[in-house]
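Heads up, the next two complexes both have chain A, just with different partners, chain B and then chain C.
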Partner chain A sequence: MSKIAIQNLNKLYNPNKPNAFYALKNINLSIEESEIVILKGVSGSGKSTLLSLLGGLSKPSSGEILVDAHNIAKLPDIMSSAFRHQKIGFIFQSFNLLEGLSVYQNILAPLALTKLGKEAMHEKVSLAMELANIEHKKDQKVGSLSGGERQRCAIARAVVMEPEIILADEPTANLDKENSLMFIKILKKFKALHKTVVIATHDTLFDELSCINRCVQMRDGELVL
Partner chain B sequence: MLSKNFVEYAILLLFKDRNDHLFSFLIFSFIVFILSAVLFISDSLQYDLTQSIKSQPEIVVENTRAGRAYQMHDGFIYDISQITGVSSVEGIVDGYHYFAQKRLWFHIIGDATLAKDEMIIGQGVQKAMAELYYEDEFNFFTEERMIRLKINKRAPKGTNIISNDAIFLHPNTARAVLGMEMDEYSKLYVSVPNPNEVGNVSLKIVEIYPSAKATTQEDAMSAVRHLYYYKGGIFMILYVIALVSFFILLKNQISLVYGEKKKEIAILRSLGFCIKDIIALKFIQNTVVSLSAYLLGVAVAYLYVFVFNAPYLRNIFLGNTLENSITFTPVVDLNLLFLIFLFGVIPFLAFVILPAWKIAISDMSEAVKS
Partner chain C sequence: MSIFLSNEIIVFLLIEVILIVLMAISQVNIVSIVRHWDFDATTPLQYALEKKNYLINTILYFTVTCKVILFLFFIQSLNALSGIVPGAMCSAGVVGANHYGNALLLLKLLLIFGFGLWLIVNKLDLASILFPYLKRKYLLFTFLFVGVLGEFVLEILYFSNIPLTVPVFCCSVVFQAPKLPFGYTQTLLVLFFYTLFGVIVLFNTLKQTMASFTCNLLFLFIAYYAITYFFGLYVYEMPNHKCPYCMLQKEYYYIGYFIWGSLFLGIFFGIMPFLIERITQKSYVYLLKYSSFCLTITALICSFYVVRYYLMTGVFL
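And now, the complex of A and B:
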């Protein structure tokens, strides 16, 4: 059984309007557990849309997304949010940190929805910071961090709930080479931890990586076989 | 059930945006303060006047001529005392003396317990007299003569609204000051022991003396209530205007930070917060802001009115010809405070939570990409 199985997935924006268009057209894709899959394609090819559907951030127009054999495409908000909270870790191109808060407070955000005690939360945050190599900046406000540090803070936040699936949207687009290589190191750690990772990118850095299982090409909302 | 972690994180986010919330907090506190202060003053005045009316007999009779109060003689007392149901009739000397040097009116009240050459004065009167160095004695100038009286003592500060502009004199001295004859009275206090007879007795008084005005306790009470509801009404309109201004300001403030808030909600949604969590988060944050602003507004209004005696605002209620040095009796109408809460906090919460809900239900994918 695949970890993620996408069947006949379509996403239509502005339905019944003259400017209606398909962001995704009849997508069929299976991703196995512990697989690292790269979604490649130019801007507007539908990579980010596919990621947001996989993470339950938006709903497909038709089709199914099975995660551990559960269809998440039609879940009500409360359940799709719980699914996202428990199973998905998002890493965004623009980091999406909560400005004005420290690194520690940002990583703490997903744990606000749990009933864990102070110590257990602290332990989880510490582990996540260690994995992302950002613990030395834990009390610093995120606004004062460099791009690479912000990215590592976002990674720590994405893994603090120990999700099974990590979705990364252009994770190296705003990083220099050094920090991009740092991300690759973390990606290898994900591999070691048996995480299922889907990365949408057009960065060639990922092309020759040994930890990548598959590269899927997208064009105009369709998979290129 | 919201967890402790969730509430703590909501407060953390609130403090992150404290500058945005501080603006709303201060405006909200100010509006609650203004309304509470007005209600405290009007309730306190109503209470004092009502207590004063309650201490009076069942009916107060005043004679009129050409539409103005006119004195009554002993014959009135005799005739009214003959009406069935009346237990006693007491003549009262009461009127106003013009203090030309300060262009003020003093309220002269006859008090049979005082000697003929002494008087008790209210705090406001004392201050007005002291400005012209009348410390121990005061000279009343009438058409016929000058009457010099000892200032016996001052009515204690905070007795109530009644005594501030009052001078208590022996009735005969009061008559001399007011230019009345010795057998004349300004008012008659009519005691009617049976409450069911009060209406009939008042009608009979008016039958005997068509020019007389017989005011029952009930009439006087409703006049006081009407007076302060009327004033309260003006302030209610001011409050509504202030509230509308507040909403416009709040809307502007929300519009200014709409993009950032949308992004923040989208980030939280991507971390697993459901729509209900976003609403709960905003509810907690804005409840903290509005409730603390409400409590601060009420507390400051309480101190302003009952500790500092409402400087500036009291003159709107009491008139400022004579300096009002009265102390407001602490009267707190919890129903009205609850009403302010209901019309302040609830719309405030709705105003912030509805847009947050609207953002939370929208497609988050674009917001997190931006």
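And now, the complex of A and C:
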């Protein structure tokens, strides 16, 4: 059984309006557990839309998204949130950190919704910071961090709940070469931890990486075989 | 002057119209949702219906909650209208100003119970992934919507028939012997009140939902008369002041809100488990505990006034 199975997926924006257009057209894709898959394509090819559907951030117009054989597209909003919280780690292109809080507090935020004790929370945050190599900045406000540090903070926040699936949208778009290579190192750690990872990118840095299982090309909302 | 120009009525009817428009829009959409709903389908139509369902649920949750709050405003407005209705000293005179008043009040109370039931079924429906009660929930709402339309017609008839030139009768001028149902005496009424209260608490403890449902409905009827024609006299400390509304006023420390509020809540919690079982096949017997608690508060407050009066004067009214 695939970890993620996408069947006949379509996403239509502005239905019944003159400017209606399909962001995704009849997508069929299976991703196995522990696989790292790259979604490649130019801007507007539908990568980010596909990621947001995979993460339960939006609903498709038709078709199925099965995660562990459950159709997440059918989940009511409240359960969709719970699913995201427990199973998905999302790394956004613009990081989406809470500016007024410290690195530690940002990473702690997802755990605040759990019933874990203080000790257990601290342990999880420490592990996540260690994985993302951001421990040394834990008390610093995220507003004063560099781009690379902000992204490592975002990565730590994404993994602190120990999600089975990690989705990353253009993770290296705002990074220099050095920080991009740092991300690749973290990606290898994900591989070692048997995480299922889907990355939407047009960065050629990912083209020849040994840790990548598959590269899927997208064009005009369709998968290119 | 027309009663429709009073501030309370303008505000009340305006909110009523807005809520009815929202409910009517929802009702139109409910028809299309119920007709085409197939949760297993992954077609564009089904996904569109699921989105629409969320929107309709949100609108209905808002409107139904507003209707419950509006009921309190309606009670408050009746009290305020006593200032412009000649002869009316409190809501009693305003409600009894024509023969639509009591029917309207009863319909409002039934609808409040219906809205409460809808909110619980809606909560159960949303808590499940498969929306198992969607069709029943919307069928229930359709009945409620018909009730709301009837209520609005009654409201217009009621307000337009309140005389502003002819004095109305009010509790302050009722000095006859009380007209009790089935020719009951006050003693028999009080005996029924306490016996039925005890029986309800017993059935609630034994979690007998159907028996509790029946007894609670009967208790609503008995308690209304017992509070108005017996306990009320001790609240007002007057042997002929038989009014269910005056106790809502400041002079009586708004105790009526506690008496009637706890009674209606107790009845609501008492009848709901049986109805929820019928609609969803789910057990909601824990509500019976709240029923016993609320009705005990009603009985305690009522009894307190009788005991206090006896201790102060050494006689019963």
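Couple of notes before you dig in:
Here, the second predicted complex is superposed on the first by the 225 of 225 C-alpha atoms of A that agree within 3 Å, B and C clash if a C-alpha of one lies under 4 Å from a C-alpha of the other, contacts with A are read in each partner's own complex, and residues count from 1 in each chain.
Methods note: contacts are C-beta pairs under 8 Å (C-beta built on N, C-alpha and C of every residue); 3 or more make two chains touch, one makes a residue touch a chain.
Here the structure is a predicted model, which is why all the values come from computation and not from measurement.
Contacts of A:Asn96 after superposition: chain B is touched, whereas chain C is not reached.
Once the two complexes are overlaid on the shared chain, A:Leu113 sits against chain B while remaining clear of chain C. Within the superposed three-chain arrangement, the count of touched residues of chain A is higher for B, of the candidates chain B and chain C. In the overlay built on the shared chain, the residue A:Ser58 is in contact with chain B alone; chain C does not reach it.
When the shared chain is aligned, chain C comes close enough to touch A:Leu75, but chain B does not.
When the shared chain is aligned, chain B comes close enough to touch A:Arg84, but chain C does not. After overlaying the two complexes on the shared chain, residue contacts for A:Gly46 are found with neither chain B nor chain C. With both structures placed on the common chain, the touch criterion links A:Gly148 to neither chain B nor chain C. Of the residues of chain A, those at positions 77-78 touch chain B in one of the two structures and chain C in the other.
Of all residues in chain C, only 39, 42-44, 47-48, 50-51, 54, 126, 129, 131 touch chain A in the complex they form. Per the touch definition, chain B reaches chain A in the complex via residues 3-6, 8-10, 12-13, 16-17, 263-264, 266-277, 361, 363-365, 368-370. For chain A in complex with chain C, the touching residues are 8, 10, 12, 15, 59-64, 71, 73-79. Residue ranges on chain A touching chain B, taken from their complex, read 48-49, 52, 55, 57-58, 77-78, 80-82, 84-86, 88, 90, 92-94, 96-98, 100-101, 105, 108-116, 121, 157, 161, 169.
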